[in-house]
């Protein structure tokens, strides 16, 4: 029924390859099926001005897509400025990752996460969060190894997965053909059994609380898998 | 317990005054406590290019805030460009309103909703959706009266309300003092007993499915009230 | 003869409602017929860098129009940047208000006036100046009450009115139908019997010194009325 | 008394050199003392879209200043965008020149005037208008010679001069040292004994109708001289 | 002597992996040592407006760098606009590739090359040209296979290599540590024994024609190797 | 054979008029045939932030063209931002001039060169470099006269000339009709017998090392002449 032949509760194959770029303090390439996102973490000892002398750290994120990551080429944002969609996504990534950070333990420094979509097939914001956390964790590990941080500010992993109602059926982890047809879709971000962010959205269709519950069940199971994959990647 | 002395399930006083501006095809001023938003609807017989010759209509929205709508003055967006937050809000308003539109019945025309915050005290995006629907409905009524539309493309109202966890308690309709302290908050958009959009977000805190259910209960009750107020306004 | 049926020397009904917004240090809604402008004053204890340590104060202004303040919707300036016309108007408002300010008495602080047109029917820049002065005065009164200023830096009111030659006749206070037809129009800004700014402009027609004198006569009488209304508003 | 030693009614030496650039349909370098402006006219057979099929012509203007035209270097507008002041000036130049144009006689074409200040010493907008008219006239002459226009759309010249109150005295044609000190200054634009535009502006000072009359007397005499110099230049 | 221990005439290890992205009509990842550039080719059946109905094709290029491709993070161009350096590089890539294209044989269509630097260690513009040609060739092959083009518009490969004077010595293929120290460096672009573009540039040092000849010798040998690697990649 | 009737090795008539603007520390108008560029030098005692407390000076350049410097009017960059071409040219001018500067001798100050094309007929970037050096030298002379610099930081002049292959023939100093037809053209920048920058570029054609040598021969002879004219101008 699903274009890919997957079961409704079946996530695409996920892999997280770490250390993929030479310069960043933390990096990984996350692949969820044909969606590939390069995530890097940059440690900056300066914080934004609103945090100066607060003793608190900050995590922020930027998101981009190569122009031909998609089926048809998109205009390059460097020429046209970031779209509203891009800004919305990078705000979401930053907010989600911060929800899993003990900002006192991080200390007064900033970690900048860059998520760049190399190839897109749906679910790029979720892959960015899941991979972004891995890059963040690797950078934090480096700071801890160097003795700059003593207590780990990242206790539990943060991961994200999309769900939606496709052809009347609740399904996990929509790929592009599903995403472009789904009447309802959403993104669920969780850490250690708790919710961090829920975004469900209908265009043209609406949904019941019963449907929402089923999507949450799917998401919880999927995120449990993702947390395991994240922990293996950073081990 | 709440700074305003309201009960946890108690919404602020809401009023919707229609016909507040002379030129727009539909208009209202919605007041939710000290949050005041002017909403106008403009009918445009041209549609965006991706809809040319499709027979389908479109509803879109823009959002703004007067610089001194807030406690301290914000920089004027006309001088600095729209922030990511503004773009995210106006995308949400447009998407939410479209979910309640039969775009075939609307016919190949666009209705542009402008939501301008005159005074802000929390919940401006929700007030914009609730008031925006009223302006939209008034413009549609005008089109129907003129015989340009025969079947009403807006069967049920779309309204929105915020909820959040303030001081450990689930509360309805956060004002600014609550909003700036809440560890979790969310916006719920509904039409006729169905969900249109759910956005829940944690910064620093996380939440359980149980808490989310309680917030949904609060929201459902609040939106039932808002739908009634909307229907009275457009009667 | 005039589309509104007014006499040539007759101003539209003017009202100034103060205290219309909760957060600003001074605010009013000025209504000149169907032209409605919301004016707010924001006190900022910092001055622009060219005035640092000068002991002198500053008054500046910004001007905007809601997209559907006009007969047909205008593009939102937050999306497209301020037009040349907008910049010209806000420079005029700031310059005019400053002409009535004793900048030593004001002390090294800035008052920012925001004039936002809620509904437009001609004469928005004049209404902005007249209402802007009221907002400014209210903010100054607050500073004086708080003992931050001892001598009133605003001795006489500054007000503005448009005049023009419509259908061959000198008329006071043009509304939009007149403004769009007038071959010559101008704005006159005065304080206590003295001129602050004169802007007369012809497109397609020219004018004699005799005509200009008649327009000045009309303006002087109109501004006398406006000054009285301003003083009543701030009393 | 004047820094330059000029009499109060004495204009600086004015020269207009035509044909200074090879490509433009009309061009001149106007020199008013140390203020030098290069004015070119470009004929474009297309009109702005609001004039398509109207049979009416259009004249528009753009204004710029070389970065080191001034005492201290200004930032290049190509890097930073046009300032509000620049936009205000170029709108004034276009509006003033159009007041002297019979747009039916011009026919459905546009003439673009570019005024670029090579060296600045006060009065650049006035020199731009006076020189801009010469460039415009030369371009029109070329069109007439080519038989593209039959009746001259420019019957009388348009010229501009500044006046102001410097050290308590009404003076004609302010140079930069006067301009930067004057409490009141203004620009007067005239054609054949009639006024086209009057702009008088006070910052810190105000002025009486009596003072304004004296400034107009000065301006009328100055513009009579400028008209003669313009006619000699285009002869 | 060279930081990498390479001989003066020794290029870094070069590999070109094709078909690295799913959507593009042609793609490769070129690796020159630690410089990695992802090159994609997009076929667009529309040409820029200046070529409409000319029968001629066009090849153009855009260049970007991921923010953390470099030792320290660079600001994201999507947020700040393309720098002058970026624009200069993408103009060079497009111009160089076009020099090897028979635009009649290509037919009236455009091929857009995107070169995105995933990791940078000097020589990114040269790698972009060399890899860009491979992506272009793969897209052309696809068009030929589909019968849309009959004669191959790309007869000989275009490749590029940098040379410079480092520590007084002419060296081939500068990496970042050399590039940042070299007093003279240049880029040489060649096709089939002929030069396409030569860019040599001194900052702080100058160079003789004798030195330039030696650099050209190095470049010719290097490009011969690159052409072989390109031909293997597209075979 | 050449449209102008010049010999292949013949440069256009060159003149350099100094002291052409009143305010700049150094200025000249360089005329190479019908290409006229106004060059000014501005001394700024502040350096860019990356040079603070380094003891080193800086020379930088900006380039512009009046809109009607060209055969058909170009859009004004102040309205549209600097094109990639403009940025590339001004980077080249700055880099070339710096190659002839002893930055220790200059001391920690910046000299800003502005090159504004008043009339264009090919070769504007070369004229800008040659004239820019003259403006720079005049400003340096002023600093030396004032005792602010003791050793001359500009020992030898920097000049530039274009060459190209026009109608199969190597020619010196292309004018616009040649430039727009040439298959290969280049810019050569030299100081005292040494090369500073070589830029050769083919669009549609390619070239051999033999042809490049001939172009270098032409350029060397031309630049010898330019150096003589520069030294006469600054004498």
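When the chains are written out, they are named A, B, C, D, E and F in that same order, and each has its own residue count from 1.
Just so we're on the same page, contacts are C-beta pairs under 8 Å (C-beta built on N, C-alpha and C of every residue); 3 or more make two chains touch, one makes a residue touch a chain.
To keep track of the chains, here are their UniProt names: A, B, C, D, E, F = Ribonuclease PH.
Since this is a predicted model, take the numbers as computed values, not measurements.
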{"item": "Intersection of the contact lists for chain D and chain F", "value": "none"}
{"item": "Least step count from chain C to chain E, where 1 means the two chains touch", "value": "3"}
{"item": "Counterpart interface for D-F, drawn from A-B, B-C or C-D and sharing over half of its contact pairs", "value": "B-C"}
{"item": "Degree value of the rotation bringing chain A onto chain F, based on Cα positions, nearest 5", "value": "120"}
{"item": "Fraction-based call for chain B against chain A, same above half, different below", "value": "same"}
{"item": "Where chain D and chain E are represented by their mean Cα positions, the distance between them in whole Å", "value": "51"}
{"item": "Inter-chain centre distance, chain B versus chain F - centres from mean C-alpha coordinates, in Å", "value": "59"}
{"item": "Inter-chain centre distance, chain E versus chain F - centres from mean C-alpha coordinates, in Å", "value": "28"}
{"item": "Multi-chain contact sites of chain D, meaning residues that touch two or more partners", "value": "82"}
{"item": "Chain-level touch network, classified as line, ring, star, complete or other", "value": "ring"}
{"item": "Traversal of the chain ring from chain A via chain B", "value": "A, B, C, D, F, E"}
{"item": "Sites on chain D touched by chain C in the complex", "value": "82, 84-85, 87-88, 90-91, 95, 98-99, 103, 186, 191, 194-209, 212, 216"}
{"item": "Residue ranges of chain C in contact with chain B within the complex", "value": "21-24, 27, 34, 38, 40, 42, 44, 62, 64, 66-73, 76-79, 81-82, 86, 112, 114, 116, 118-119, 121"}
